[in-house]
Amino acid sequence: MLIFEKSVQGRAAQAQSPHLQKDAVRIDSSLLRQTKPCLPEVSELETVRHFTNLSRKNFSIDTNFYPLGSCTMKYNPRAAHQFASDEKFLNQHPYIDDDYKQGTLQCLYELQHTIKSVTGMTAVSLTPMAGAQGEFAGVAMIRAYHDERGDKQREEIIVPDAAHGTNPATAFMCGYKVREVATLSDSGDVDLTALKAVLSEKTAGIMLTNPSTLGVFERKIKEIADLTHEAGGLLYYDGANLNAIMGKVRPGDMGFDVMHLNLHKTFATPHGGGGPGAGPVAANSKLAKYLPVPVVQKTATGRYILVDETHYPHSIGKLSTFFGNTGVLIRAYIYAKMLGGNGLTQASTLATLNANYLMTALHKAGFTLAYPQRRASHEFIITLEPEHKIYGITALDVAKCLLDRGIHAPTMYFPLLVAECLLIEPTETESKQQLDEFVDAMIAIRQMMIENAEQLKQAPQKLPVTRLDEVKAAKTLDLVWSE
Amino acid sequence: MSDIKDNLKYTQTHEWVNFDNAIATVGITDQAQHLLGELVYVELPEQGREVSMGEEICVVESTKAASDVYAPIAGKIIAVNDALEEHPELVNQSPYADGWLFKIEPNNPNEIDQLMTPADYKNSLD
Amino acid sequence: MSFTPHTPEDIALMLNSIGIDSVEQLFDEIPSAIRIEGLPDLADGINEMAMGREIKKISAGNKNLLNFIGAGAYQHHIPSAVWQLAGRGELLTAYTPYQAEASQGSLQIIFEFQTMIASLCGMDVANASMYDGASALAESILMAVRANKKTTSKKIVIADSIHPCYLNVMNSITRYQGIEIQCVETDRYNDVNTLKSAAHESFAAVVLPQPNFLGQLTRVDAITDWAHQHHALVIGLVNPVTLGLLKEPGSWGARGADIVCGEGQPLGVPLAGGGPYFGFMACKKQFIRQMPGRIVGKTTDTNGKTGYCLTLQAREQHIRRSKATSNICTNQGLLMTVATIYMSLLGPQGLKNVAIKSHQNTARLIELLNTVKQVHCVYADNFCHEMVIQVPSSAKSVLKKMADRGVAGGYDLATLGQAWADKLLVCSTEVHNENDLQQFITVLKTAIEDV
């Protein structure tokens, strides 16, 4: 039931309304509202109950195993949330003088340092508010670099066919044409012959994730970097999969010029049902001067300051009104500080161990791996194409069936290259027992395919709703409630 | 096996063209509607618009994809299938008849000869 | 302290199952030339108790002041229930609701949010939120250019003053797509004639701030009609709390604004040093397919039961790739949830009362300021809950002195140019009581004497 359907005219959460002695205003009446907005009229208890009950209709990391590939749904430490919720951080207007927010700036400054260490880059801007905005910043910086050199004919960005959809969308937003480059179907590596064919004096850059969205490490990365640089292009690193390599290898050492990180993935800040995230952008010395502003610096006297275009005249500009998602950055800082260099390294080690263990176990249970010859990174792909052919079931059916067993579905049908695929990322915070339960669930689902495929296609049955009619939703476009 | 009509011309991008009485009627093929799944929306071109060959002029949208439709020949849009605004599923139900998209008055009717024959189109799908 | 559950026995069993001897073998596909061994630059991890001590020390560097700054981020009372509910793990730690059956909570909240925002704005539909106000405006501009089929112009006219940072962000985000932005300075009442003389060519849309950056109210009706006569779309840039009191953009002029956006922070989100906040975006139904961002629709399940799911996804980057409406792939889910709970607790009357009380407090502050020598209220009327005052020396020095006495006295308008260096943008909201207002005056007087 919607909260509007619980509304009773004249009812209110009385403790929340400011007390008015009179309701006179000094505003021209032609500018005043004549209609009552559709906000519910409910008591405080009704509101609390409504949203508490709604929350119980969600899967979340706190309640369910969430092996969602490419999303790094690891435990979000409560301490980070608690400490960042201190009044000292919350009760701060963004425009107070730097002298009064030294605490916040110190956290941000140290986070910049942590990111430099983890990525091998030389400079960082924390302002992008999500991964996609960090991507935008990175590609805009590549553009600024070429533009400043007068290299105007570089109008193409190369993107592997396995890339996340944000990559081509970002390239377009930066005014570039997208050239796709193929991935070798047996190994998952980029096809170097195909790459050489698309590289030219028109190449502005290439966007890569490593390990790739196929869950394997791109072994020819140095060759790719050298070829791209020789052609005059730059390399952009999509940090979606950074959780696989902390303390193992750094994008800066692979030859990348600029990258973004998803702090809501690698640095365990809560996803919040779809945001807020944070997508800091890091660059090597070639591109550092184009970083979006503001950036935090430390003066010789140990004071932290925010600097803008006056210090960074080549900056691509501002991307958020204030300083990006500051509260998310503070949570990421706390997480990184608690883990330390050793903990971050261990996180990647065990994320990779968990993925390889799970991959091996599923393989032994008879599931088909997309890249059986390869090590998994922190994630891997199985394809249900054989099951699809034999039993007529799809990856979607299996995903929905997992939901019935209290396990969030892995990422489905991405990357687009592998038919009927599930992209599985267990993360390091899951136990062996949990992974074994997942394997057991998959084995049980396989048994269902054999015995009762029709029932499988009806899943889920144990959730608040069964499968929803998306065609009806898109055709009727019922997007707001009305009486 | 998708349906391919013998009396039509085709494009690589899965449009069909029926050239009749100096007017080209255009739709998407059975193969295309099948790949897209049930359509939920069709964004039709404006009547009277001048289009060039290969120009993106229309979008067909299902819940899982949105696909551009290209002008198979240059000319002027003289009619669009308004019925699709309410019933985009007509494209799925009847891709070659009730589900037509728009009509073009060609600038150069000879351009029709550059389009694929049914046999060529069939081969391109295999 | 990596929050990992593995015991040495677990690790041994897992390695054995994989068929390798050590975890390092898992990384043997990485070329050895670029391998590193750990992160020696970074200190080792610490436990929660030590972190608590550390963060207390750091946060002591933050000083909380009695706040009179607005300028795009507004302090309002936040009911206790808001963040206690939003902080529930089921809402806080859920992912984007792609698996609809396992996300009916988040999806229904989005649907309720869309309803509330659309209604506040007087629009037909709203999306599930954007990153923040400035980026929502940038996306609204790109949307307007796509949606306006009556012109091929990519020119945007900004009528009246908007936040300088919004201009900056707008430029950063839209500059690669050939968008041309023309700012027109109007007089304080936004006389439409100023616009007529400045904007004569064809243009795609007009951005109309209400209130404008200086807290002044725009004469929205005349400009809306003028823009529509020129086949331009109207983008309303609004503060959602003030919409409890001010005319909704859907009722501006004869036909209403076409797209409405703004900063959602006033709806229950703490100031928090500038974020995370959220942007909102609403529009008339005919433009829905040009709107970026997540949108939730109502539908039924296989048993005919009502449910909610993401819809219109074919516009989005994961399907449409380089032809998507935007590269955006999240909303600000948690903040949007916060706003939905906030608007539920306030209701139509409560929200209106917040807007009225904020306005009345600002009016009271102006009254009190009239008693302060050497201070001049530049705009003593036509305000909502923010206004400009002129001080006898540089605003910067006055603000510094005030802050030293515990009051954040306003926003230094020097960012608008040298002519503004002695002017402050001051905001009062319902959180202030008479004592707070008196304290502002006392501290301001002392600061002026001191400078």
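By letter and in written order, the chains are A, B and C; residue numbering begins at 1 in each of them.
Convention: a residue touches a chain if its C-beta (ideal position, glycine included) is under 8 Å from a C-beta of that chain, and two chains touch if they have at least 3 such contacts.
Predicted, not measured: the structure shown is a model, and the values here were computed from it.
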| item | value |
| --- | --- |
| Between the pairs A-C and B-C, the one where more C-beta pairs touch | A-C |
| Distance-maximising chain from chain A - centres being C-alpha averages | B |
| Whole-Å gap separating chain A and chain B, where each centre is the average of the chain's CA atoms | 38 |
| Approximate Å spacing (C-alpha centroids) for the pair chain A, chain C | 20 |
| Interchain centroid distance [CA atoms averaged], chain B/chain C, Å | 43 |
| Residues of chain C touching at least two other chains | 311, 314, 319-320, 323 |
| Chain A: positions in contact with at least two other chains | 470, 473-474 |
| Chain B, residues touching no fewer than two other chains | 41, 61-63 |
| Contacting residues of chain A [partner chain B, same complex] | 470-471, 473-475 |
| In the complex with chain A, residue positions of chain B that touch it | 38, 40-41, 61-63, 88 |
| Touching residues (chain side chain B, partner chain C) in the complex | 41, 43, 46, 61-66, 68 |
| Residues of chain C that touch chain B when the two form their complex | 149, 289, 311, 313-315, 319-320, 323 |
